[in-house]
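Chain nomenclature is as follows: A, B and C, assigned in order of appearance, with residue numbering initiated at 1 for each chain independently.
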Amino acid sequence: MKAASKPYLLAAPLVLFLTLTFGLSLGYEISGLTLRHFLAVLWNRDFVVSLVATLSVAAVATLVSNVGGAALAFAMLKARAGGEWVRHILQLPVIMPHLVVTVVVFHIFAQTGVLARLAWWLGFIDGPNQFPLLVFDHLAIGIMLVYLYKQIPFVAMVCFDSLRGISHRFGDVGENLGATPWQVATRIYLPLLKPTLMATALITFAFAFGAFEVPFLLGTPLWRTLPVEAYLLHINIDPDAQARSMAINVIIAAISLGLALVYSSTVREVSHVRHSDGERP
Amino acid sequence: MTRRIIVGVLIAAMLVLTVGCASRNELTRGPDTFDAALRSARGKTVTFYGWGGSAAVNSWFDNVVAPSMLSEYGITLRRVPMNIDEILRKLSTERRANQTRGDMDVIWINGENFYTAKTQGLLYGPFNARIANFARHIDPDAPDTNYDFGVAIEGMSVPLGRAQLVFIADSARLDRFPTSAEQLLELARANPGRFTYPAPPDFTGSAFVRNIIYEIVGFEAINNAPVDKAAIKTVIQPALDFLNQLEPYLWEQGRTYPADVAALDRMFLEGQLLWSMSYTPLKAGQLIAQNRAPASLRTFVFDEGNIGNTHYVAIPFNSPNKDAAFVLIHHLISVAMQAAKLDVGNWGDLPVVDLERLDDAQRAVIAGVNIGQGVLPMSELLTKRLPEIHARKVAIIEELWREEVLRR
Amino acid sequence: MKWGRAVVHLVMWTAAVACVSPLLSLIVLAFSAQWPFPHLLPSLFTADHLAELLLSPRLVEAVTTSLALALLTTVATLLLVFPAAKAAGLYSFRGREALKLLALMPVMMPAATVTMGLHYFMIRVGLAGTMLGVVIVHTVFAVPYAFRILMYVFEIMGEQQEEQAAMLGAGPLMVFSAVTLPLVMPGMVAAATMSFIISFSQYITTFIIGGGRLLTVPLLLVPHVQGGELHVASVYSLVFIFTALAALVLLRAVVRHYYRETYFLNP
């Protein structure tokens, strides 16, 4: 029937486009691989270090940005008018491209950066070498600062919008029953915010895991994140390096797919819209 | 009557198509002589593909080579920036797909990449005997005419320029320059945290490590070692030990190293470090000329010599304008172009022309080039120049450095 | 509690300062020439090298290419996403959840990884180094955002107005141009904005597929960051931000002008 097939026809171009691109991308990667290559990559110390490092950086960035972002959202809610104003300002970090933020983080946190100069003026250090290494360091502090600058505002904005949508009567009832503001926040609003936070956590993790530009520019020679490792092998035309690059990309894709599936199964989006005939779309 | 015309047209069309198809399946023939190349190339466009990451290099090609190609030979030069990996990948794919007319006429190449290109049949040649200036200006017996990173060239590429590892320091801040590994160790001890080097596989950092290896174990030892990781490790162990000995006195106690030579330069220019290094011999001159460093900057090398290497140009197998490629390469190794290339305001790259094969007027041109301040004269650089070892060994050394020095 | 309020205000101010100070430091960097350690302020302010950089032909080329790519990406994204978002937003059908998951995939899959695989394919079919190839890759990563925005708009909109217009005798084209389009216009603008910004900010995708042939503003910026040339990097960063904002403001102004006030409905 025409009506029944309509949504499929409408969605077809997009579905075809995405399926083709992902399919071709993965297909070409896998076709160049054999099990032997795969195992060789996995059994390599450098690879394991990269994998652990990439996951750790992503995990820490996700934790800090979600906790920080949620806390900021609560503060914004409390601040009422001030909070609205901050929400507008938060859009600036969200629009700023990662590359530009990298420039700034470098400018401020390098051993000859703004903070180091302040430290010198205050007499804490005698020279740039005494300032701790915050960019290009093996703890990826510089990299995480870039992520946080973009992700805390993102999480804060999403949580703030979500909190605003939750009726303040819940909080009022809590207060009437003698709850402290802290209890209202953690026992009442936080659980209601959980679905939103799960979504932001997954998105921020996926981004930090797969990011290329930031670790490429601010990383240490001691280890490389997986996407950077894959890229460095990709541009090397040695066929062995190419195969290793493909193997790493397949692993990255598998992990990302896993994340996507976790997202889709745990985050149930509730549509708040009903049409006139009472039917939800 | 009309029927015959139609048949005639059809036959003509088929002939044209078959001839057209046939010629599309054939690679363009290279010119038999240089004069033939000069004649047929006039009015054509020649494309040059190479790394475009250096403004100085690009400027020489765009502002010196291109206009003179047009005025002297009537050939238009089109420079396309592309990394060598992309270039080789492109050629490799085209070779497999049997694409007989490619886009690239001349490519800029050396080392490991030349080895790969040559063994995979991606290059046209041998051709360098058919380039007029090659016979005139290039020394046929020089090692770098015949070997590129230890790989036999066999006429498949022509040298374009020479680079050499040099060290740079500010004479106002450092009164004694380390001209040997031992002196470097001493100076680092006296000034902890003020010296370091870029981590291999950065090109310059890798050259520095090899330079230390030459100092400590000698060029012959590593040059004669087989292409085997364990064997090389045994040979270079004393050098690795030296680098580990040096570590605690380096920046960040050698726990980490700057990722590339750009980072090293930056730290040097901002006063964090007491020295820097570069593969561009005239780098100090360029920094002074650009006002990025004071006039007290000086260049120096180790007494035992510093590594130098040569970079080359080659012609891809499927170049569509091989005659124009011949003319471009001929022009690139002309005295005028080599002199302009040397100029500190352009590229600052050493010439490949053999001074002994030039006449007095040409020698004067080269001698009169402005090489800037704070640099070493070409004669000194050339006497303290050490050759490169085989490309495969370079990769092994880089791996060993990461395992034995970085990770410790 | 008094100090509770103080804490909240402190947090607000810290957030505001943290958000804005990067932009300020970029501006200071862009206008300074020499700023050696340990000075807190640049020792030499200049607008000279700013002028020099702004007039360089490479910057002009990069800005033009970036804008062209972003425009093409936006158009391609909207064309692909509009019908699919309509389907997901208005209809209930088997596979709706699968469609939403598929449209989300580019958010979860790293751009670098997907691009490297596509690179092999594009070399084979000759798309490597072409604008079309790069636009295709940019579109993949713009799709999820545009899709979510438009799907939401369609959900809110419902089919009522379209059905009524059809019942009153309007043909499908008329329904589309006079009813559908004006209603979704705010969503289209938002989706177009996101697509534009995403394409404009791409680095690794343009670099791998473009193979050095296509010069965009991010590609111009990165070597200067790697080289630690902060003054140049900050000038290019400001150009980046400025161009993106200018293009977006222009887009919104054009749309607003064309559709006037009457057609803008706030969801």
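Note that in this section contacts are C-beta pairs under 8 Å (C-beta built on N, C-alpha and C of every residue); 3 or more make two chains touch, one makes a residue touch a chain.
Since we're looking at a predicted model, the values are computed, not measured.
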| item | value |
| --- | --- |
| Subunit B to subunit C, fewest steps along touching chains | 1 |
| A-C compared against A-B, more contacting pairs | A-C |
| Subunit A-subunit B separation of Cα centroids, rounded to whole Å | 41 |
| Where subunit A and subunit C are represented by their mean Cα positions, the distance between them in whole Å | 17 |
| Subunit A: positions in contact with at least two other chains | 112, 128 |
| Where subunit C touches two or more other chains at once, by residue number | 37, 226, 228 |
| Residues of subunit B engaged with two or more neighbouring chains | 83, 86, 89, 263, 270-272 |
| Touch list for subunit A against partner subunit B, complex | 111-112, 127-129, 133, 136-138, 219-222, 235-238 |
| Touching residues on subunit B, where the partner in the complex is subunit A | 83, 85-86, 88-89, 92, 116, 193-194, 199, 251-252, 255-259, 263, 267, 270-272, 406 |
| Subunit B - residues contacting subunit C, complex | 52-53, 80-83, 86, 89-90, 93, 260, 262-263, 265-266, 270-272 |
| Subunit B-facing residues of subunit C, complex | 36-37, 123-124, 128, 211-213, 223, 226-228 |
| In the complex with subunit C, residue positions of subunit A that touch it | 4, 6-11, 13-15, 17-19, 21-22, 24-29, 32, 71-72, 75-76, 78-79, 82-83, 85-86, 89-90, 92-93, 95-104, 106-108, 112, 114, 116-118, 120-121, 128, 149, 153, 156, 181, 202-203, 206-207, 209-213, 216-217, 227, 230-231, 234, 245-246, 249, 252-253, 256-257, 259-260, 263-264, 271, 273, 275-276, 279-281 |
